[in-house]
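So that you can tell them apart, the chains are marked A, B, C and D in the order they are listed, and the count of residues begins at 1 in each.
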Amino acid sequence: MHNKNDNVRSEIIRRSGVNPVKCMRCGKCTATCPAFDTMEYHPHQFVYMVESGDIEPLMNSNSLYQCLTCFACVDRCPRGVEPAKLVEAVRLEVIRKQGANHMKPDSIPAMVEEDLPQQAIVSALRKYHK
Amino acid sequence: MSINSEYKPKIVAFCCNWCSYAGADLAGSNRLAYPENVKIIRVPCSCRVNPMFILRAFQRGADGVILCGCHPGDCHYTSGNYYTRRRMALLFSMLEYLGIEKERTRVEWVSAAEGAKFAATMNDFTQTVAALGENKRLEDLRCKR
Amino acid sequence: MKVAYFPGCTLKTKAKELDRYARKCAEILDVSLEEVEDWQCCGGVFTTSRDEVATKLSSVRALSAAKKNNNVLVTVCSACHNVIKQTNYAMQNDAEFAQRVNNYLGKGEEYDGTTEILHYLELLRDKVGYDNVAKKVINSLAGKKVAAYYGCLLLRPNSVMHTDDPENPTIMEDLIRALGAEPVIYSERNECCGGYITLENPEFSALRSHKVTESAYNSGADLIVTACPLCKYNLEKNGSPIPVVYFTELMAEAFGVKEDANA
Amino acid sequence: MQRIGVFVCWCGSNIAGTVDVKAVAEALRSEPGVVFSTDYQYMCSQAGQEIIKEAIKEHKLTGVVVCSCSPRMHEATFRKTAQAAGLNPYMVEIANIREQCSWIHKDMETGTQKAIILGRAAVAKVNLNAPLIPGQTPVTKRALVIGGGIAGIQTALDIAEAGFPVDIVEKKPTIGGKMAQIDKTFPTLDCAACILTPKMVDVAQNENIRIFSYSEVQEVKGFVGNFNVKIKKKARFVKEDVCTGCGICTEKCPQKKVPNEFNLGMDNRRAVYIPFAQAVPKVATIDADYCTMLKTGKCGLCAKVCTAGAIDYTQKDEIIEEQYGAIVAATGFNPISLDKFDEYAYNQSKDVITSLEFERLTNAAGPTAGKLLRPSDGKHPHTIVFVQCVGSRCAACADKGKEYCSKICCMYTAKHAMLTRDKYPDTDVYVFYIDVRTPGKNFDEFYRRAVEEYGVHYIKGMVGKVSPQGDKLMVQASDLLANKQLHIEADLVVLAAAIEPDKSARSIATMLTASMDTNDFFTEAHPKLRPVESPTAGVFLSGTCQGPKDIPETVSQASAAAAKVIGLLAKDKLTSNPCVAHADELMCNGCSSCANVCPYGAISYIDKEFRMPNRTTAIRRVASVNPAVCQGCGACTVACPSGAMDLNGFESAQIIAEVDAICR
C-alpha cells in the first residue's frame, strides 16, 4: 500500500507504538467503547483505516475528540493492539499543526461551572490543545 | 591461489540430515543453482558440529563455513539446534576476536521444504565470502600441499 | 512509615476532603505522608505518545523526589496516580523516551525508574494491611451499603497499573468491608463516567454518569465512594440519586475524625 | 588399511550429462585405500547392484563408495546390496553427485571437478568407517494408556483387539472423560452417551484390558520396549471387586452438600458417589475431603447399608508396578479458567456459563434433567447469547487466554444454537463470532443449517461487556458488518471457553521425557509425517493432549496411535539404529555434561573399575549410553569436555577427514 499517506501512517505508528497489523478484526474494542454513540469512526475502524493508510477522514473527524481515554479497548483487546493509543496519535497529528488546536484557552471560561474540578480543564487542554 | 576475477572461495557447509540436507536435495531437484565451491557435509543434527570442525576447516584453508539446521522448534531431536545456536554464538564471537571476519561464518535455518532458501543462502554466503577474499589468518600453511 | 506524597492540584482546591482525610487517616495509621516539595500538576491525563516528553516531566520530577522518602510515592487522586504510574512505566520500559527525559533533567538529576508508585488504596492494602485498618475503626459503618466506583484511571491499562483485576476489582470493596460496611457489586463500577468530555459534550458525560449511578442505585447502594474528583463531579452534577463521597471521607467517618460541617 | 571400491553412477544422463563419470572414476582410483573404481549407467538397477556385489567379492572390498543420487534416496538400497555380498552395511558411503552437483551445475568441467571432491570426501570417510551392528532389545508385550477418555478408550480397544494386553490409568473414578459429559455430537447430532457407553462396556468386558481408575502414574523408568511404571491406586475406601454398584450408599449418605464435578458444580452429590449411571467401573468412591466418617470417625452409615460389605474405611493408597513395551499419552483437555475474563461476568452471575456447562444443562442426565433452565432461578431463558473465542486466539494475554484457536468451539456453538432453536422455538439465539471455522466433513453445511433453517442470529463481532442487571444480563457487543454497537437484554450467556491440556500432562511428559510445546501440548515426532508418535521412542500420543481436536479426529488419532503400538508390540526384538553415541571410558571423567544435554535421557553413569599403575585399581564414575534410547543426534559429543563422547557413523575423525578432503 503505497500512497501519499505513507509518511503520516508510519509517523502515527511510530508515535503510538501500536502495530495495527496485529488486529484480527474481532471488534471487541468497538463492542467495549463507551463513546461509541458519539463517534463517527469507531475504534475498529481507526485501527483498520490506519493500517490501510486511509487516515485523512480520521483527521477530519470529530471522533478524535470523543475518545475518553478510558483504556477499556486497550485492556480488552485480545491481540494487544491498543486502539486508544492510535486515536491519540492521529489527534496529535492534527493539533500539532499550527492553529489547529481543538480547544482554545479563551473559550474555556464559558464552559466552566463553578465546581468543575481543575482536573477536567487540565485534562481537556492536554488532550485537545498543543 | 591468488585473488583475481576467477577467485572462488572454498566453502564448507554442514547440513543436518533431516531439514537442511533435505533442503539442499530439494534445491537440486528443482535445479536451483548455487556455486560449486559450496561442499556439503552431512551430519545427523546441527548440534553434532563440534566447533573444532569449523576451526579445522579454516585451518585447512576454507574461506567460509556455514552451518544449516532445522528451524528453532522443529529440530528432529527436539532441542539440538538450540544447542547449536548457543555454541556457535560463542565460537563466532571468539573467531571475530581472533580477527576472522564474522561474515565468514554463519548459522542458517533451512527446512526440508526450503530448497529456494537453501540456494539463495548459499549464493549470498558465497558472494559475501568472496568479497572478503582468502582466509589467511587461520590457515595453517604447513597443511598446504 | 515515611512515604512521599503527591496531592495534585484538584486536591488543593475542589477536592479538599479527599486530601484532608487522607492525611488524617494516615496519621491514625502511623503513616507519615511527606508532601513532595514544589510539586507541579501531573497534567490530568497521560499522553500515550512516545514523543510527548515535556508534558511528562512534572511526573518524573515527583518520582525522583520520592528518593528521599523510602523511594515510595503515594498519590490519592486516581488521575494523578494514572499519569505518574504510566510515566514511570515508560521510564522503565522505553529507553529512548527515558533518555530524552533525562536530557531535560540535567546532570545529576537523572531518574532511573526505581521509585515505587502506590495509590493510597494500595498503600492501605499492601503496606498497612486492611486488618490494621479495621483495628482503627471506632464508628463501625455496619448496615451501610456502599458502592465502590473505580472508573477507568485506577485500573487501566492493567498491563501498567496492576492495581487489581480490572474486570472484577476488590481493592475498594475490601476497604469497605474493613470499615464495617457492606460493599455492593454492580456492573458499571469500572466503566467511564465521561471524564473530561464533560467540558465540551456535557450531554454525553451525563449519559455515562447516569448509567453508573443508576446501576449502583439499582443494586441497592446507599452511597457511592470514589477516589477521583472528576468522577465525583460528574456523578453528582448529573443527579446521582445517592450521595457520592471520597473513600477517604468514608474512612474518616469510621475512624471518628470526620467533621460534621460541610468543608 | 581399507580396500575401497568406488562406483560412479551415470543416472542415465542425469549425472552423466554434466559430470564426466569416467574421469571421476579415474580420479578417485588414485585416492588412498581405493583398489577398484568403475562406472555404470544405473547403479541402483539390478545389474548395477550385481556389479557392486561382484566387486566386493572379487576385490575383497572392505568399504564401498557410491557416487550417485542423495543418500536419502538410495543409501538403504546400497547398504542392502553390500550386506548381500557379505559386507557390513555401514561400510557404505554415498557421495551425492546428483542433487548437489550435476543437477545444479551446467558446465561439465565444473561438475566433474566438484564430483571428484565429493567422492574424495566420501572415500576419506569410508577409510575410517567401522562395521556397526544394530543392538537388539526384547519387547514387553503390554501397553499402558494414560487417560481413559474417548482417546484412551479407542486406543486401548484397538490394541486389545490385536491381542495385546493393555492397562488404562484414569485419575477419575470412572473412564469416559469429557465425552461422557457431552449431550450430543456434531454434525450428526447423535447422543454422545449412546455411542460412548457401549465402548466403555467393551473396555470393561475385554479380557485384554485392565482399568486402573482413580489412579495416577507415579514413576516411569526404562525405554522403548522396556518401560517400568509405578501406578498409584488412590484409596477409594470401597473394595472394587466386592462393590456391585447398586448405589444404595450414594442415596443414604447424609453428606449431601458436595459440589458435583460431573455436572460442573451445578448441583450436589453425596460424599460417597458414583459419577454417573453408566460409570465404568461401576463402583462407588468415598470422597475423603467430605466424608464425615473419614474426617471425624463418626457416621459409618454407608458401611451399614452396604449389603455386599464393600466399604473399607481403612483402605490405603496402593502402588502397582508393571512392565510395558509402549506407553500412550491420552491425557485430554479442560476448558480454561474464566477468572481473568470477568468482562463477561462469569464470576458475577450464575447465568453466565461455559459451553461445557451448557452441555450439562441440556443433557437428560444433567442437573435439570435436560430442560434448558437458568441456573439462577430455574426459569426458561428466552434470549441466549453465545460468545465464541473466549480466551482463544488471545495473543495479548498469555496469563489470561491462549494464542491458538481451540478448533471445536465454532461447531459446538452451532450445535448448541441449533438444538436450542429446535427444542425451544420461542428462544432468540445470538452467536457472536470473529470467524466461523468449519473445515470438516458436513461441518459447514451444519453451520449453515443453524443459520438458514433454525434462524440462529450469527453476528460478526464480539461482546465487550456483560452487565448483570436484576434478573437480566445486559450484553454490549459490536456488529461489525452493520458498524453498530448492540445492546441485548439476555437471559443466559454462554461462553465458548478456550481449551487447554489437562494440568497433569506436564508432570506426565516429564516422567516420559516426552517434549511439550509452550502451550503444554505434547509435541509430535514430526508434525506432518509422524503425528501420533512423540519424539521419545515408545511413547505415543492420542487425542487432545497433542492439540485441540473434535471427537472424530480424536478417534482417528487414537486408532493411529494404537496401530503404531501394535506395530511395536508385534516385534519380538527391537533393532536399534547403530549410529548412536558411545563413551570412551578411559577418557570420560564422569562430569555429566553429556547427560545434561541429552534430550532423551539416554546417558546414565556407572562405576567402573580401572587398572592403575603398580597393580592397583580405582573405581571411577563413567558415562554409559543406552543404545536403545539414544537417537544419535550427537549433542553430547560436542558437550563432552574431554572428547570421550563420539557418535557411531559420524565419528569426529570421520567428519574431520571429510573436511580435510574438501579443503585439500
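Simple rule for what comes next: a contact is a pair of C-beta atoms (placed from the backbone, for glycine too) under 8 Å apart; a residue touches a chain by one contact, two chains touch by 3 or more.
Not measured: the values here are computed from a predicted model.
Visitor: Of the chain pairs A-C and C-D, which one is connected by the greater count of C-beta contacts?
Guide: Looking at contacts between chains, A-C has the larger number.
Visitor: For chain C and chain D, what's the span in angstrom between their mean Cα positions?
Guide: Centre separation, chain C to chain D: 50 Å.
Visitor: Round to the nearest whole Å and give the separation of the Cα centres of chain A and chain C.
Guide: 25
Visitor: Centroid of chain B to centroid of chain C, CA atoms only: how many Å?
Guide: 60
Visitor: For chain C, give me the residues that contact two or more of the other chains.
Guide: Those would be 191.
Visitor: Specify, in ascending order, the residues of chain D that touch 2 or more different other chains.
Guide: Residue numbers touching two or more other chains: 343, 465.
Visitor: If you look at chain A, which of its residues touch at least two other chains?
Guide: Where chain A meets two or more other chains at a single residue, that happens at 37, 72.
Visitor: If I apply the definition of touch given earlier, which pairs of chains qualify?
Guide: A-C, A-D, B-D, C-D
Visitor: Which residues of chain A touch chain C in the complex?
Guide: Per the touch definition, chain A meets chain C at residues 14-17, 34-35, 37-38, 65-66, 68-72, 74-75, 82, 84-85, 88-89, 92, 103, 108, 111-113, 115-128.
Visitor: Applying the document's contact rule, which stretches of chain A touch chain D when the two form their complex?
Guide: 22, 24-33, 36-37, 42, 44-45, 72, 76-81
Visitor: What does chain D use to touch chain C in their complex?
Guide: Touching chain C: residues 339-343, 345, 347-348, 465-470, 474 of chain D.
Visitor: Okay, in this complex, where on chain B does chain D touch?
Guide: Per the stated touch rule, the residues are 10, 12, 17, 21-22, 24-25, 27-29, 31-34, 36, 39-45, 47-53, 56-57, 60-62, 73-74, 76-80, 83, 87, 119, 145.
Visitor: Considering only the defined contacts, which chain C positions touch chain A in the complex?
Guide: 8-10, 13-15, 41, 43-52, 55, 77, 79, 151-152, 155-159, 166, 191-192, 194-201, 204, 208, 228-230, 233, 237
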